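Contents: one structure, followed by commentary.
Chain lettering (A, B, C and D) follows the sequence in which the chains are written, and residue indices restart at 1 in each chain.
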Amino acid sequence: MGRVAVFLCHCGTNIAGVIDIQRVAEEIRKISGVAIVQDSRFLCSTDGIESMVDSIRSSGVDRVVVAACSFRTHEPLFQNALRRAGLNPYLLELVNVRELCSWVHEKEREKATEKAVKMIRAAIAKIQGNQPLERRKLPVIPAALVIGGGIAGIRAALDIADAGFTVYLVEKEPSIGGNMARLDKTFPTLDCSICILGPLMNAVAQHPNIKLLTYSEVLSIEGRVGEFSIKILRKPRYVREDLCKGCLICIAKCPAKADDEFNMGLSHRKAIYIQYPQAVPRIPAIDPSTCFYFQKGICRACEKLCPTGAIDFSQRGEVVEVKVGAIVVATGFEEYTASQIYEYGYGRYPNVITGLQLERLVSSYGPTGGRLTVPRIDREPRRIAIVNCAGSRDERHLPYCCRVGCMASLKHAWYIKHLIPDAEVFIFADEIRASGKGFEEFYRRVRLLPGVYIVKGRASEVRGNPDGTVSVMAYDPALGHGISINTDLVVLEVGIVASRSTESVRNILKLGVVAQGGFLLELHPKLNPIETAVDGIYICGAVAGPKDIPETVAQASAAASKVVSLLSRGYIETQPYTARVNSELCSGCRICVTACEYGAIRIVEKGGRSVASVDEALCKGCGACVGSCPSRAIEIPNLGLDQIEAMIAEIVR
Amino acid sequence: MVISIGIVSLAYCAGCEVALASMERFCNLIADGVVRIAYSTLLVDSEKLENVDVLFVTGSIRTGEDIIAVKEASRKASKIVAFGSCTCFGGIPGLGNMIRREEIVGGVFGSVQPSESGLLPKLAKFVIPLQSVVDVNYMVPGCPPPEPVIEALLESLVHGREFTLPSVSICNECPLNRDDKKPVKEPRRRLLALNDVDVDTCFLKQGVLCMGPATLAGCRALCPSRGAPCIGCMGPLPNSRDQAADMIDALSGVFYMIEPLERILEAVLDPVGLLSMFTLPYSTIPYHRRVGVEEVKRDAN
Amino acid sequence: MVRLTLFTGCFTLVKQVAVEASILSVLKYFNIELVVPRSVNCCGFAFRSVYPSLSLYLTGRLLASLYDAESSGILALCNGCYLMLREAIHRLRENPRQLEFVRSYLREEGLDLRSIPRIVHPIELFHDMIGIEVLRGISRGGQDRNTVIATHYGCHALRPSTIPSFDNPLNPSKMERIIEALGFRTRDYPERLDCCGAVLLASNPSLAMKMAYSKISGTARWGFQLLVTTCPYCFEMLDSRQEAVMQMFGDEPKLPVMLLTQLIGLQIGLSEGSVALNLNLSPVDRVLPYILRR
Amino acid sequence: MIPVSLEPRVIAFTCTYCAYAAAETAGVSKLQYPPHIYIIRLPCSGMFRSYYVFKALYNGFDSVLWGGCHPPYDCHFINGNYKARVRAALLKSYLNQLGFEDDRFRLEWIAAGEADRFASIAKEIVKKATSLPRLRFLDNSEVVSEWL
């Protein structure tokens, strides 16, 4: 049994005015194990601390109980006193007899005194189980991984790289650029999307600190903050990046065709292709599922024509391993599957398209070279309907707002009026949500365009007509009855969900996900929107929830600054209250693994048995594992199960 | 030297004796003359318990006569084995602690008061584990004790090796405990789920209550490895004090994403019966309030 | 041999006897035993919106009195009855208080809800219980394989989508597969899920007629040769009242309408009389040359 | 006056970041509540174990309070409160089946700023505990002594 020193603070009259300190001291002295009991008018004053240090030193006690005030304000001070007296600071127990006793029981002095005695007695019982603890410093590898090469990933990578750290930017497609590269213009300023994105893409390609890994996927991640080790699969391009000069002769001569994913299936590309003219890197990739050589064993036209001999059909996928200190996830969004919204007829009628398809149709490097036509019919539309909230704010599909559809619909109306000045555009919307910088102004500008009609009322159905046109039905509350508008083209402003690849990244990183849409869960929606439950992994852009470009860029820079501040400090400090496993008792039932939100617990082999093991760099000391361990094998030091039991028994005695 | 064994049976189903007698190793020991059953109302024809080397006690302490019998028998033995979960923890008869003894008798015999005739023993106030009456040398839990555990006990009795129970739970030896669990979204009632569970996947992972995490190992996961969730017959881990509390904690670590909470309660409709099926008299609160709790009125004046 | 309890519902008995006649003769062919219960009551549909608890009680009573341990389910011919039965099961399952309410009244009559039967819709019967393969087998050719047939499920067969039904409530496909198995063509059309108007017939007859007109004329413009349905109410609006509906809007009957069971009956070689085709009032004669095996 | 030995005893397990913070704020605001409630601080409600409740009741506490952060987002450790909630629900149904009143154990969400709420809960729970009878749990030896 340890020898305990008990210090009682009067706190002027704050404590002593209610609690009879002398009586408390008498009671406490009777307890076995208590070596000294000493009181002080203000324990936190210089005098108080000095006499405390002296008493600890001279009496040779090995545990200290202080009955005073809140641990929040005063624990560091008293811990420091213990340190100076040569004791480990975690052998201190601070009993808050001020906030929890004297201040709240001012009129019941007798009972408050009794309560204080019990509280101190419980602390003495508890502290017998305390052990000395240490904080540890762990190194941080000065490099970062950014997953996703859209605008969020590009911005984050550039910011981290500019601060002088190595960045690995992983993109699953052959080129970076993401969804922003698909856009023709951006709202509300209507500046050309690729014109502002292109320079950033080139900056990424040329940055000395950025290692660009396109056409690559993250396979596995191990380790912890400061020391992640990542395996990345580089899919074979069948074109050697070191030899290709980007002349693109190979593409011109390729005879095989495939659906163009970048143009949302509205046109065809070759089997050897770059996604779009501004692609970075400007190195083609061969799609083996359509290439004649891979399918039929003949052709090799590209190989024959390539002036640098860069085509290499024998390429294999290659796994590279990188080590980084922090990770940014920016895997972005994609449109909700529009064909699931059966009533809007997407997939059933060729003249029903999505917003992103319209972007490609009006883009100068899109399938029609910027001419707006009805797909597959190749006729210029005269009457166009834009259906807002397609799938969004709909319990059957996505209950949330996509946050960009309203402004996109206005932008799309503007595109149409710009390209076909006498066209009539009907926007079907419950309301237009224009709550951003310059948004309301843009709304007014588009609304005043002649031939743009905003119908207040959600479209209920899109119906085909025998003549090939489609009718949009809606209930117009202003008219009080249903309306039906005959149009040549319907644009669905489809809701957005986290990109498909997010799911696999999420499983690899063990990140949380929100209930709807597959977006990744932030640590706290208000105070920690960039951090995740896993230390050292940050999220930004649309993968964290629907958002527009400026918000995405701001978040990306925020994520980068979090990474930079972690990497530039160079080390992380563990907190001392990390869960510890008694592997004798641990049954390896994995319930703690499920309960731990920080991914800090893993099952390891030890002595021929599977037992839990805590990574102290990841453990936050919350005790969720302690609370759910049926084997009582895991404990937070100085908050042991027996210690708490001893407190219960002591108070009730 | 022949080791003589006496078996005293209390409130019991005879399963423990059957488990013992059906073990090949035990029969061989008898055939080889190493062990002799000196007394057992079920297994041998002997009228009186003489002095024996080892006394096996099976069944729960349910009646006053049980208490007297076990106390007397203990004087005639040098070692005492609490054999089976009924003896160690109260067992299934221990769930009788949910009802007062008068009500139990009334429920069975109606208005007839059989004990008044003196022919039937009177019930004890509530079921208690054996170690509350006599000092126990060996705790052998299980309903009935599984073969590996009996084997170890016999080894200890015959060869003097130390008899130790595992310190870990069923999960440690369960073949289904392979991959990390994820928070369960859909709890299911054990009986209703049995037709469509994947018998090759952890039951808890499928939302089915399995007592494995809070139950002592030793049976080599007999039930879970054969497609049935553990019901907890081996009792709590040695380090634990309460099987039900441990299981509630374990469930909360796996079920915490389930909404609404009623769905969990529907899946665990009879919490005492499911979580303390074998161990109620051994638990922290070992009985229903009206059985073992006296009320002291506070008078405000 | 599959045994099903038949629940015709009131409308079949008093107005659309063809529904019952055709299913009885068709199911004889498929060797399905139909048990006609001795006593039935209203399915409660009529009170659904005005007196919900009475309506639930009536449906509960129906479930109790139709209980038959030997039967594999209750075949509800009418979409309204089908809705009421599956909705009642849903509500009684979800809400123990309502269950107790219904049981307390049933107990007075010596009835109880013992187990929950499967509620079978005719489309489900043909698609899932008899099976597409069997239907493919009965169609031995002779019909014009270019005949395009429109399907009409009827709202209550599928919706509300929160209550489990036999098909996707917004994009059903089982009837289409049946039509294709019989050797005909079918395709999606915008009016496919539109309401026939029958439920409004009592409260707002002119709107009901308008809806029926929009359904019939809308379907007709896509060039279908026939429309097929199973529900007696829909059949009433689309077939029996077609002439009245069309005249009201200065048009004339143009869409042949048949029951699914009539179509199947003709395919298995039953006479027009035994599927009660003579009771159809829409111009079905036009389509007969295309679908009959002569 | 109630005899001292029969005065109510309530134990409160509180999480550091919400319920305990509220208790401290109540102190700073000098909100008065009865002194019969004892507060134990743990990092997070996810760490509260069921066994503590059984033990506390058996040892003689009249009532047990668990205080955690409001769901869904207040928990400092993401969702410890969700774990406490499931635990409390099961525990309550277990205790109810053993015949204990609802007021013997309760789980409350108390945000760090809700000092007055903490004080009023403390008042209420002590008041309820006073109206409940003090429990004396029979020991196993009392069963044995009836017969020997």
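Keep in mind that, in the parts below, contacts are C-beta pairs under 8 Å (C-beta built on N, C-alpha and C of every residue); 3 or more make two chains touch, one makes a residue touch a chain.
The structure presented is a predicted model; accordingly, all values stated were derived computationally and were not measured.
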item: Result of counting contacting C-beta pairs for A-B and A-D, higher pair; value: A-D
item: Distance from the mean Cα position of chain D to that of chain A, given in whole angstrom; value: 36
item: Chain B-chain C separation of Cα centroids, rounded to whole Å; value: 58
item: CA centroid of chain A to CA centroid of chain B, Å; value: 48
item: Two or more partner chains touched - positions in chain D; value: 49, 51, 55, 79, 83-84, 87
item: Sequence positions of chain A contacting 2 or more other chains; value: 595, 624, 627-628
item: Two or more partner chains touched - positions in chain B; value: 246, 249, 252-253, 256
item: All touching chain pairs, where touch follows the definition stated at the start; value: A-B, A-C, A-D, B-D
item: Interface residues, chain B side, partner chain A - complex; value: 167-172, 177, 179-183, 204, 212-214, 217, 237, 239-240, 246-247, 249-250, 252-254, 256
item: Residue numbers on chain A that touch chain D, as the complex places them; value: 70, 72, 96, 98-101, 103-108, 111-112, 114-115, 118-119, 122, 512, 523-526, 533, 577, 595, 597-598, 620-624, 626-628, 636, 639, 641, 644-645, 647-649, 651-652
item: Interface residues, chain A side, partner chain C - complex; value: 342-343, 345, 348, 396, 461, 463-466
item: Contacting residues of chain D [partner chain B, same complex]; value: 1-2, 6, 8, 49-51, 53-55, 57-58, 79, 82-87, 89-91, 93-94, 97-100, 130, 133-138, 140-144, 146-148
item: Of chain C, residues touching chain A in the complex; value: 161, 170-171, 188-191, 221-223
